[in-house]
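Letters are used for the chains, namely A, B, C, D, E and F, taken in the order the chains are written, and counting of residues starts over at 1 for each.
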């Protein structure tokens, strides 16, 4: 296997706090000898577990980058035992462009693993995580939200895994993150996901969906900050006491959770996030955009539960996921 | 003055309900003999006042278009006395593109009045309203929201005017609209606004800001629908009883309401819409996007009140309005 | 009035043949001290009338440019008495881009007259024709076709004018051009047209529509070449005998000639150019593009006659002229 | 081999008529959980052969989509024995964009076979046909025309194959299609073609070139409709009697059929489609676009025959196929 | 005349040093309530003359912005008597885009005076200088270079003016700037220039051309820094002794100085900047880009002198200024 | 291995001089049956060595294309013994676009070897050189410069190779080229380079960096022309005597030669090309672009030597190579 061209400008294994970059050489029309400079902070104090913390896996999701930027300023080496590696903008070109995928190669970071050292920039970043950073980690937190085109009730998630010991560790970490909602996911198609890369290496992963619309609120960012702190305590890296609030546990058992649009139009949501839905309820309507006086198309829920995700923009396209209805497992007070 | 090239494909003054278009000839590279077809519904029953109802004055604001599309389907001639002219997408090219301004000429409809019959498409539409549709109207409702880049607490608004009789009529119509918030506005620079065109003709205007982010919710759309119905009843066009809920009356007395960013970066809101703010509070922080370990810039409120508007996207640019703090006048139960 | 910045690189009034350019200074991002170089040929021999011959008034219409390029190579000073000014690409930036309008300023040359010496490049070219070239001319031929989005039966056209002497001269020149069809036009909105500029100066104008689709055929180019030669003979500039073939004279009496689309879709023409149409016939159908199993919309002729123009591309947009039905005046054998 | 992510929204094997979509999940910047919805109709009645009918293999070719859309409306289950699978827009993203290739991945569908289930959208569609739809078929009709940049005399085509039994079946189906011209093709480079995929599976294929220029005429669409009906009768699926008109059989024996441009310029065709050409004849000329007074470059036929294809746009580029001269085999009355 | 919407965020008339912005409200699709923030420094100490210093009048010219940024850091109030107003990026949107003109409105700042308060952003900036900043100034320095498409020998320039007293003051300031070359310019078309606006108000102006190619060198920046310091001393604002080196005085007497290309191609300069040229010398050749084996076009000097400007990019277009030959007036040791 | 679709329009092995093209079929939206026509000249006279001469490996580097275009006009078969194959624009699509990489596929020719016959156009060209042209050659000259984003002191280069016999031959050819500087390079990552392809086949290679900025000067072109002539004489193909001037031999021993920017900003070079630098010297500064009054970031040399390369544009981005300091080996008088 070829050498990955990415090199860190700071040491990854020295005590103290270092701020720098992952430098990825990138020759292009507007810079023959240019590079992509992915911001990176490494905080280390003695021996202990390593947490790998990432935001902007998709470049238009903001709770992670904000909470992680703050962590690079507030977390001190003396506060921890072990190591924290912080990459606030995993897919940095996508983050700078405010887009889900990289504007360079259209790469969706969460479908690019295990990556390639001689591939596109997105694939090179994936390969560097796969072969260099992930092997150093014991636990990983990867922040997601809905981005510009989806919105979610705020939840942390863990996957149902064949390795039940690892699954239990992941569920415990999700519980530690303690978002208002906690979702157990059975991925049907997990090829190329960062999640899969982490779990296949036997590491603990917490991922999240904390909001969406290409924005963040004081409230959603507070969830991210609390979750980060809790997970670092849970992992034995940070001292302190976790703050634990009630959470609702949800399940997405099958494809009937999803409601897809079959035409383009003006999107009228009929139910808001977190509201209760019964099978057969109209969750959204689609109005024509080019004429008046025509009845809208009605989209109905195929199961009962609560609305956990919705299409965000005012316009909708045929094939878009319009609504997702999740099933309540229980409420943890 | 030249003739405006726009022609309606339906009669504007016949009893009954007609659905059609305002046809604006528009020769261009991809259609030598093409036109812009702006959807239009006219509902008329006998003699009575005329309401002119418009959405998508800015093309990425959605409560108006949804509520008005529904009205073209649900309102029957026999329900009314007078006339209702409905244009769900005022700046139709902008609406189809999902943009604030027209992709053809970058025209901001709300800065294009009184328009020109031989100007750009946006100016031609403005001129058609100025010289043809507005003179037919007694009352106008123009829907706004924050669009893709701003978010608002939901309010109806009326302007402080020199003509106190008209002002009173406008305030009464705003009260009839009965959004959760009601805002009295003193426009400092009202040149080119549709509002000014309406008011200068001595007609009653209600405008709104009902949400934002380039999206709408079941809740914000319900405000629009209730407001529309109430205003039509208030105007004597529709029979029925208005639904009146509590509203908070707000004022934006001066420039200290506005907090502007002076640098580009990652936007961290510290207060959410509708929350109380004291002078000197940090309302937002701006983090660097290209490196870690640097403290954020803090933006502070210059007055006390509640947060009525905020920058929406996760990224912010120098010069953007980050937050607006409004003053509470009173609460109407 | 300001001086027009355009200057010819060749003399306009010397005997012989000169090939050069109209140089229009044009400072821009990719050339700080650049110019637009509009190709120009002037052929002169002694005293006599001046013909001003232009192609690519719209930049995607090709019979004119081809026939005029050939004329710059084949016409010799000794063949003529008087002067021939040839500008094969009137809106040169549009011609180079293969577009109806200028890619620089979106200028439609045929809606830019009388132009402005300090306006956009399109307006500067119009002003140069208005104030410099047109005053030199006795007769003008301006070639049009349907461009990329329309197709026509091949015709020469002349306008119905208030000045009946000029009208007769124009009709005589149209007859000399002798295209397969000859159309008398009553322009309803002639503001900004080159035609109007020519006629308002009391000069004779022949314009044409010789085909379309952004292409030309051996057949349509032959019509242009024959027409050019005939008109130069008719004007007393070229010696020789005109070639006169049968022509059908057509009229477009009113707005009922036009059939407009009211929706976007897949365009199915039901009648071909030159075919006979009766009032009420389906001239085209529009199929949905996003689903199967739905009936098409039918567009019907509002008058009887022959199909003289049609929308060309396979896709159609709401507001596009789909078909034009002309009335046969008579056939000239 | 991985599972193809495309799923039909309707059953492929139930009696009756079903209209729906092939849904291809496609996550992208403007829809995180979006899909491509390819329209699909399946009509089935009992046991019998299956015909797979496709249009818009290249997205700017229109006879196929129009004729197939009509078939989804007019063909009834009771009219047939067997099954008809109709996909009017094979490369649906290209069709919606009016482009030869997909705007998403630049994929040329006819060079993308056998495709890949984890490739680009174009490759996923190809793989779905290769592994799911084609195995269901006995006969396939794939509609082509010249698209925006070529024009053809209308012909049906069949390939010269090593498997002479299959070749005979294909020639018989071409004869049943009965276009004005019928062409036997020896593909030199058939890698990646849909045709090859069909034939390699031992299925009968008819393909066509029915016109071009990114348009269609009433005449060319009628050829498509008649051909479709004839082929369904020929295949034993539809009852009825084929309509058979005279056809001219053509051959394209070698590379001398093609005339390529070696420079950019203004394109003057000297021969029209269907006209007779002798070796050495000038088939086209290329004029300079940036100056007058220069002789054109002449392009000459390298063999005698008739002109069966030409470059369509008014502008031509070095390397473009300017003209194709085919050899007449015989005329079938 | 309307009020200009630009407001400074710092005082313009207080002693001390203030760094801030000219804030220009600019509502647009990606920021409904956004602004353009033009960086600004004002340094003041007591009474005395005011110098107005500007860079990036054209946004791709860099000596000015660099030298002025340094001045905002190194110049102290206590060093001066009077006031220095520094705007390193006059056309700030153009500067941020690295383009000659504004990407917002294509505005060329040096052709936009006197501007308009309700015009495009470029016109608003011009109007603010015209009516607010320029009236405060006694002397102005406006930095230019060749930008991305031209290169110059480094010179300061002053105009030949009708007001000979002002002309003398300008020539004295140019001499104080003391670039390696000093050029006296007779502007033929000075409409819209900032220079004209300054001079028409009776203020002293020095402008420059210090290099080009969209780059700067240590050497060219040193010329800018020395010139700035000298001019501030000359104006009586800064204490100290001017550094005066030899300069060559040049003249550009007429249009024969300019050599224009008449065709597109690959640009071969045959003479370098500052070299001596005789009338009839080949100054550049243009090679075809699309074929080999053809002789180049030769461009010859129309007068003798030295090469003071050349086309910079490797490719050239018809109409580009290829070379400018200046006449040596004398050399000032 | 598949057949490469490229075919030459001229013979590669006949005596005399032939000008033509490498024709690469390229079907695309704007030409269904189009091709890329890469200009080519082959000059041959009897038996002898073959030189393969290439320019525009990167499309924005101009000394090579100019010198090679001249060679196609000036070199006569009777002047040589052997064969000279001249391709002035190796990556022809990039050259026509004035870009480093191909606008079609973003291919960097110098990272595309050995190419693929069924790959992108850039890969197809690489494969054609790899398998057809390079095997014919004994010596190759490949011209480079800095392109639009870098600038270099003019040098010829040869690689340090494992095969010391070949290395000596390459160093001898570099000495024959005799640029003002001669650089010995140890490539750390030579994967995909044309250089590697040539050397791995055991052929002699000279490459160059002769300037940059997307421009060329009379001086830098003269270096290219002299170098070409010298190498052809050195190779025994051309008769004559080499012109040998002094050269400075340089080495780039390790990564400390490179100085990278870590932030975006306005670029101030503090040292010019060819100047001496000591370890710790400031070679460049980066100023903020969005505010005044802030100190610049200083970039310092990590070793002593002379400045052999610099970032060219006035703006710089984080990750760009700002400066390269080379070590002087010796000066050859």
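What to note about this one:
FYI, a contact is a pair of C-beta atoms (placed from the backbone, for glycine too) under 8 Å apart; a residue touches a chain by one contact, two chains touch by 3 or more.
Note that the structure is predicted; figures quoted are calculated from it, not measured.
Chain centre most remote from that of chain B: F (centre = mean of CA atoms). Because chain E and chain F carry the same sequence, their contact can be compared by residue number, and over half of the numbers here are used by both.
Greatest centre-to-centre distance from chain A is found for C, with centres as Cα means.
Distance from the chain A centre to the chain B centre is 35 Å, each centre being the mean of its Cα atoms. Look at where the CA atoms of chain A average out and do the same for chain F: the two points lie 44 Å apart.
As a whole-number value, the distance joining the C-alpha centres of chain A and chain C reads 59 Å. Annotation for chain F: residues 21, 37, 60, 262, 290-291, 318 touch two or more other chains.
Across the assembly, chains come into contact as A-B, A-C, A-D, A-F, B-C, B-E, B-F, C-D, C-E, D-E, D-F, E-F. Looking at the complex, you find that chain E touches chain B at residues 2, 5, 9, 21, 23-24, 26-37, 118.
Against chain B, the residues of chain A that register as touching in their complex are 17, 19, 21, 37, 39-41, 60-62, 65-66, 69-70, 72-73, 86, 88-89, 95-96, 98, 151, 213-219, 221, 266-272, 275, 287-296, 312-315.
Against chain E, the residues of chain B that register as touching in their complex are 58, 60, 99-101, 106, 108, 111, 146-150, 189, 191, 260, 262, 317-321.
Of all residues in chain E, only 262-264, 290-291, 318 touch chain D in the complex they form.
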